[in-house]
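To keep things simple, chains are lettered A, B, C and D as they appear, and every chain counts its residues starting from 1.
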Amino acid sequence: MQTVLSIAIDALAYGMVLFVISIGLSVTMGLMRVVNLAHGAFAMIGGYLASYATRDLGLGYAPAILIAVVATAIIAVPIERLLYRRIYGAPELTQVLMTIGITFCVIGLANYAFGPTLKTIPLPETLSGSIDLGFRAIATHRIFAIVCGLIVAGGLWFLIERTAFGIRLRAAVDNAPMAAALGVRTQLVYAVSFAVAVGLAAFGGIVGAELLPVEPYYALRYMVTFLVAVSIGGAGSIPGALIACLLLGAIDTTGRYLAPEYGEFFFYLAVIVIVTLFPRGLAGRFK
Amino acid sequence: MSLFEAKKLRKNFGGLAVTNDVSLSLAAGDRLALIGPNGAGKTTFVNLVTGHIKPDGGSIALAGEDITGVKAMQRVRRGLVRSFQVTRLFADMTPQEHVALAILQRDGKASRMFGRHDAMRPVVEEVGEILHLLGLSELAHLKVREIAYGQQRLLEIALAMALRPKVLLLDEPAAGVPQSETARIERALDMLPPDLAVLMIEHDMDLVFRFAKRVMVLAAGTVIFDGSPQDVTQDVAVREAYLGSYANAGSAA
Amino acid sequence: MAVLMDSTLPTRRRPLGTLIGIAVIIAASVIGYFLFPNNLALLTRIVATMLLVLSIDLVTGYCGVATLGHAALFGAGAYGAGIVSAHFGITEPLTMTLIGAVAGALAGLVSGIVILRAHGLPQLVLSIAVVHLFHEVANKASSWTGGSDGLSGITTDALLGLFEFDLWGRTAYIYGIVLLLIVFVSLRILVQSPFGMLARGVREDPVRVAAMGASVHSVMLRMYVISGAVAGVGGALNAISTQVVGLDSLSFTLSAEALVMLVLGGTGSLYGAMVGTVSFMWFEDVVSAANPFHWLTIVGALLIVVVLFAPKGLYGSAAAFLSRRRGGER
Amino acid sequence: MKKFLATAIATLALSVSAQAATIKVGVVGPFSGPFALQGKNFKAGIDAYMAVNGAKVGDNDVEIIYRDVPQADPAQSKALAQELIVKEGVQYLAGFYFTPDAMAATPILQQGNVPMVVMNAATSAIVTKSPYVVRTSFTTWQTSTPIAQVAKDAGVDKVITVVSDYGPGVDAENAFKAGFEKAGGKVVEAIRMPLSTNDFSPIMQRIKDSGAGAVFAFLPSGPTTLGFVKAYNQNGLKTAGIKIFAPGDLTQESDLPALGESAAGMQTTFHYAVSHDSPENKAFVEAASKAIGNPAELSFPAVGAYDGMHVIYKMIEATGGKQDAKKAVDAVKGLSWTSPRGPVSIDAESRHITQNIYLREVTKGAEGKYFNKEIKTFERQGDPGLAAAK
């Protein structure tokens, strides 16, 4: 019983970290319909900036997160204007080519600017210890990640379902010409959504850095994991992404506990089974 | 003998019977038009006939054989062919390729992995005939994306003809075609083989009157009229169904 | 009614196109042979990869199936040919190639059955899952595959009993070119055949194809099997020429790279696949030799530039440009 | 015409003998991609050696030609090795970070008349693939065997092994098991986890549940080690007194700044620590730090490359710059010298390096930087892996 609880709590933490990072991708892919393979690259930029801010500038954890997230979003704006805008509505494969190109560039530049070694983001005192749950100890930052995941999920849900911006966004997604005719500035809506998605990626990259360490190949190393999470959840759906990430976290964690030597195998087998059963994702909103 | 027979077809969505015990039979050479106001369940009926959705009750037979459980694709191979309300064509392929593909598929040769369709004499000849019949010869080698919509509709009919069906389901063959060009569609319909059984779903009453020898009216999933085109406008139930749903339209007939 | 219509129908694209293609391939290989006589190993690798990219084009370009897992088929061919040589002593190169093709076709059948169960992004994810499963199985079955150490001990007889596969790689190169020509001609016949036309129909509108009474799923599955055979030949060529097979030949990385090459050249045309492979691998080789430390950035920039200025791929955009220049001639 | 041909041949011959004054060494390694850091260390080691000993052996200039294989890719490695031999005309092949890459190139050595000096790849069997292979790095067996004795001496009887599921990981598992059982201990459970593992918490839970008193771990150096060590701490294994034993890949110097406090006190066995106290090592670290740019990035592949160059220089000396692979390899059999890592020799039979293996502990230095502090030496260790394979 203890073991089951223990696995469950690990699965929850891992799933939440996955969720924080993937949800931004789900937004770009589901709402803006861009197969954005460069999503991990933005998470990585966030991680690098946060590491730089804490280690080299000596900033605290919270201000470093804030600065890194905002800075990543700012970096993303010209990229959106110059590159992404050309591939909205383009065939998927073209989008794949462009975003892989961006990923390669980011990797190369990160390697050049920060060197090939691992970068860490030192946790503040309050997050760096462990908490004793009675049946086992769990790292405090994992609890922090779980909380962050819940806040992000709730915040996004509120933003999309309950605010004026959310209404515009959904209108622009459902029927761009119609929304434009009604006075929605679709280009601006897209730019803002993209910045939000990128900001979430950066946030996830920082919060998840204890599990997915920041290094130049981050962008490619975890790309598949993020894609799988979004696809299983159904692109564009917040609850879908949440359920998918928790489910994948559970499968992965259980697999690693029970049969680590076949972990990878069962993980992908499960992916095949889930996709076959739910070819549109657990809660596919579009397509 | 009836070529096509649907018996008491029923389909429920939720608790709502969208198709409610509809029966319909067609003999060789029949020209039947199925009309009805919006939301009458025509689309569902089409999908039931083509096999894209499963009925909750009733049966369908083609040439005396029960095909209720037969897959859509198999129904086509047995001679039950449909056209689409909105054209579905291959944008990057030519009319010649379209028709050739239909002919090859009909003859069971579409899976041949060698030889070119334009080097197969019988195929080329038949394609030529069909395109000529429909006045599309000149466009034979243009990509479909480059030809006008009205002509694309003609190509839809050409594809249906090339498959040599026993029963043809025409789903609004003139939809989206400018008035000036409907005449060409009508002419094309006149050229359909006389022994073919045709079921046409249509809004355009002019076309219905000119084409159909028999009219069925569907309203709220139920057949409310089955008779000659002359009688349909006189029928009280039909007038009510149409006027009821088009309260302001006033032009049911 | 029976007018003699056929005479008025001008026939298009006679076999001339194929002949030109053969001539271009031969010319390019001869030039490659004399221009880079010491680089034949790289050229052979390009040819093997070209077969993989052609194979992806069959399902992606001609049937519209997105895949990031095609290396599974290539790797199956490579391991198939490698295992029969290393473990069963079947060292005759033609037989090894044939076995590679069969292994690739089987892998194509298996992955086709799985991948064709979804569309769009989920389909992409299924393909990724498939290649990872293949990779894991090969890693686990290390007594057969050598696991992560790679399958070594592959020996190959002289081709036709006459030509040794030597250090300079001449035999391997020429053998590769011959295989490429055979595959190219077969695929030209295939894509112009009724089946090829049906496949293009599937890519453009599967609903219409079904309404003609054809089975969309079976068309795609058959194409997957054919595509597997082609990729398998590529894998076998790789195994024969390098005498070693590594887990990388079943990797997601290789799959993704090959897809990038295809899109770079232009999908839906055999020439696009070949042009894309040559350009990408040549560029990668030049840039990585010039600067082994930062070439990735330059390759990334190239990809972006191609999307911005040649959105249909190098060959696709050039062809479109030329046909626009020629106006409505065709 | 005949005269023309004769001149042409003479010119060609001249140019060939003129070129022979430059001896080319082809180095294959990961210079880009996720393992670029290790490739960088190759280059730093080679540059350092040439900076200290000059770029000339006798009258012959030595030129290094680098080729990039970002990830284990034997086919690519072989193609590049082939290209280096036939196109660039290299007389020596060197480098090879990954075992499959080295294995793939061995079949062409004889035909190309080229010796291969393996500067990293650590699977025992490579040297058996061709008589022209010499290795100056280490094997996983070599570095993993002594730690078994350390564990036993620390009073641990039951150990669980956790390794990455690929060649070197399996080697490490077998090496430790063999050594530990010989010393009288028991391996209660052996876990192999996928290379791509991100979250190690479940593994830590397995370790706890196994009831073992210590864990033996092997992961390839790089990003995943960070997650592993952190998970070890955060899941309370450290506080529960479950010790961790590992070969030095887990605490390579370039990862230590990231590992930081969480690695403090970890004991590992390895053939080289950057902190090794000897004049040879001081000179090496100075030269190599200059070559790599950022001293924090300096790590074990550099020393393998440095000693590899030493072997190549000896080979060039012995052959007088002529291409003769057999003579070159014979010349270094039994060669012994003092490397930055300590006294080493090339075993005449296996052509693998015999060296000291050190037990080190991660310690906080004077400036607050962590380093591997050598606390015990296992002298003159051969490769037990070859013996085990027989």
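As a working rule, a residue touches a chain if its C-beta (ideal position, glycine included) is under 8 Å from a C-beta of that chain, and two chains touch if they have at least 3 such contacts.
Computed from a predicted model, the values in this text were never measured in an experiment.
Peer 1: What's the overlap between the neighbours of subunit B and those of subunit D?
Peer 2: Both subunit B and subunit D are touched by C, going by the contact rule given at the top.
Peer 1: Going by CA means, which chain is nearest the middle of everything shown?
Peer 2: C
Peer 1: Please name the chain that ends up farthest from subunit C once chain centres are defined by their CA atoms averaged.
Peer 2: Taking each chain's C-alpha mean as its centre, the farthest from subunit C is B.
Peer 1: Rounded to a whole Å, what is the gap between the Cα centroids of subunit B and subunit C?
Peer 2: Those two chain centres are 42 Å apart.
Peer 1: What's the distance between the Cα centroids of subunit A and subunit C, rounded to whole Å?
Peer 2: 33
Peer 1: Please compute the C-alpha centroid of subunit A, do the same for subunit B, then give the distance between them in whole Å.
Peer 2: 48
Peer 1: Please compute the C-alpha centroid of subunit C, do the same for subunit D, then give the distance between them in whole Å.
Peer 2: Inter-chain centre distance comes to 36 Å.
Peer 1: Where in subunit A do residues touch two or more of the other chains?
Peer 2: 111, 264
Peer 1: Give me the residues of subunit B that touch two or more other chains.
Peer 2: Residues of subunit B never touch two or more of the other chains.
Peer 1: Counting only residues that touch at least two other chains, what does the list for subunit C look like?
Peer 2: In subunit C, 136, 294, 296 touch at least two other chains.
Peer 1: Which of line, ring, star, complete or other matches the graph of chains that touch?
Peer 2: Graph shape, chains as nodes and touching pairs as edges: none of the named types, so other.
Peer 1: Hey, which chains are touching each other here?
Peer 2: Every pair of chains in contact is listed here: A-C, A-D, B-C, C-D.
Peer 1: Across the complex, what residues on subunit B touch subunit C?
Peer 2: 50, 72-74, 76-77, 81-82, 84, 88-93, 96-97, 100-102, 104-106, 109-119, 121, 124-125, 127-129, 131-133, 137, 140-141, 159, 163
Peer 1: Considering only the defined contacts, which subunit D positions touch subunit C in the complex?
Peer 2: Listed in rising order, the residues of subunit D that touch subunit C are 31-33, 36, 39-40, 66-68, 71-76, 78-80, 82-83, 85-88, 99-100, 103-104, 106-108, 111-112, 123, 125, 129, 165-167, 170, 194.
Peer 1: Applying the document's contact rule, which stretches of subunit A touch subunit D when the two form their complex?
Peer 2: 3, 6-7, 10, 13-14, 111, 115-120, 130, 136-139, 142, 210-213, 215-217, 221-222, 225, 252-254, 256-257, 260-261, 263-264
Peer 1: Mind listing the subunit C positions that touch subunit A in their complex?
Peer 2: 60, 66, 114, 117-122, 124-126, 128-130, 132-133, 136-137, 140, 252, 256, 259-260, 263-264, 267, 294, 296-304, 306-308, 311
Peer 1: So in the complex, the part of subunit D that touches subunit A is made up of which residues?
Peer 2: Subunit D reaches subunit A through residues 33-34, 36-37, 40, 165, 191-194, 196-199, 201-203, 205-206, 209, 222-224, 226-227, 230, 234-236, 239, 254-255, 257-258, 260, 294, 296-297.
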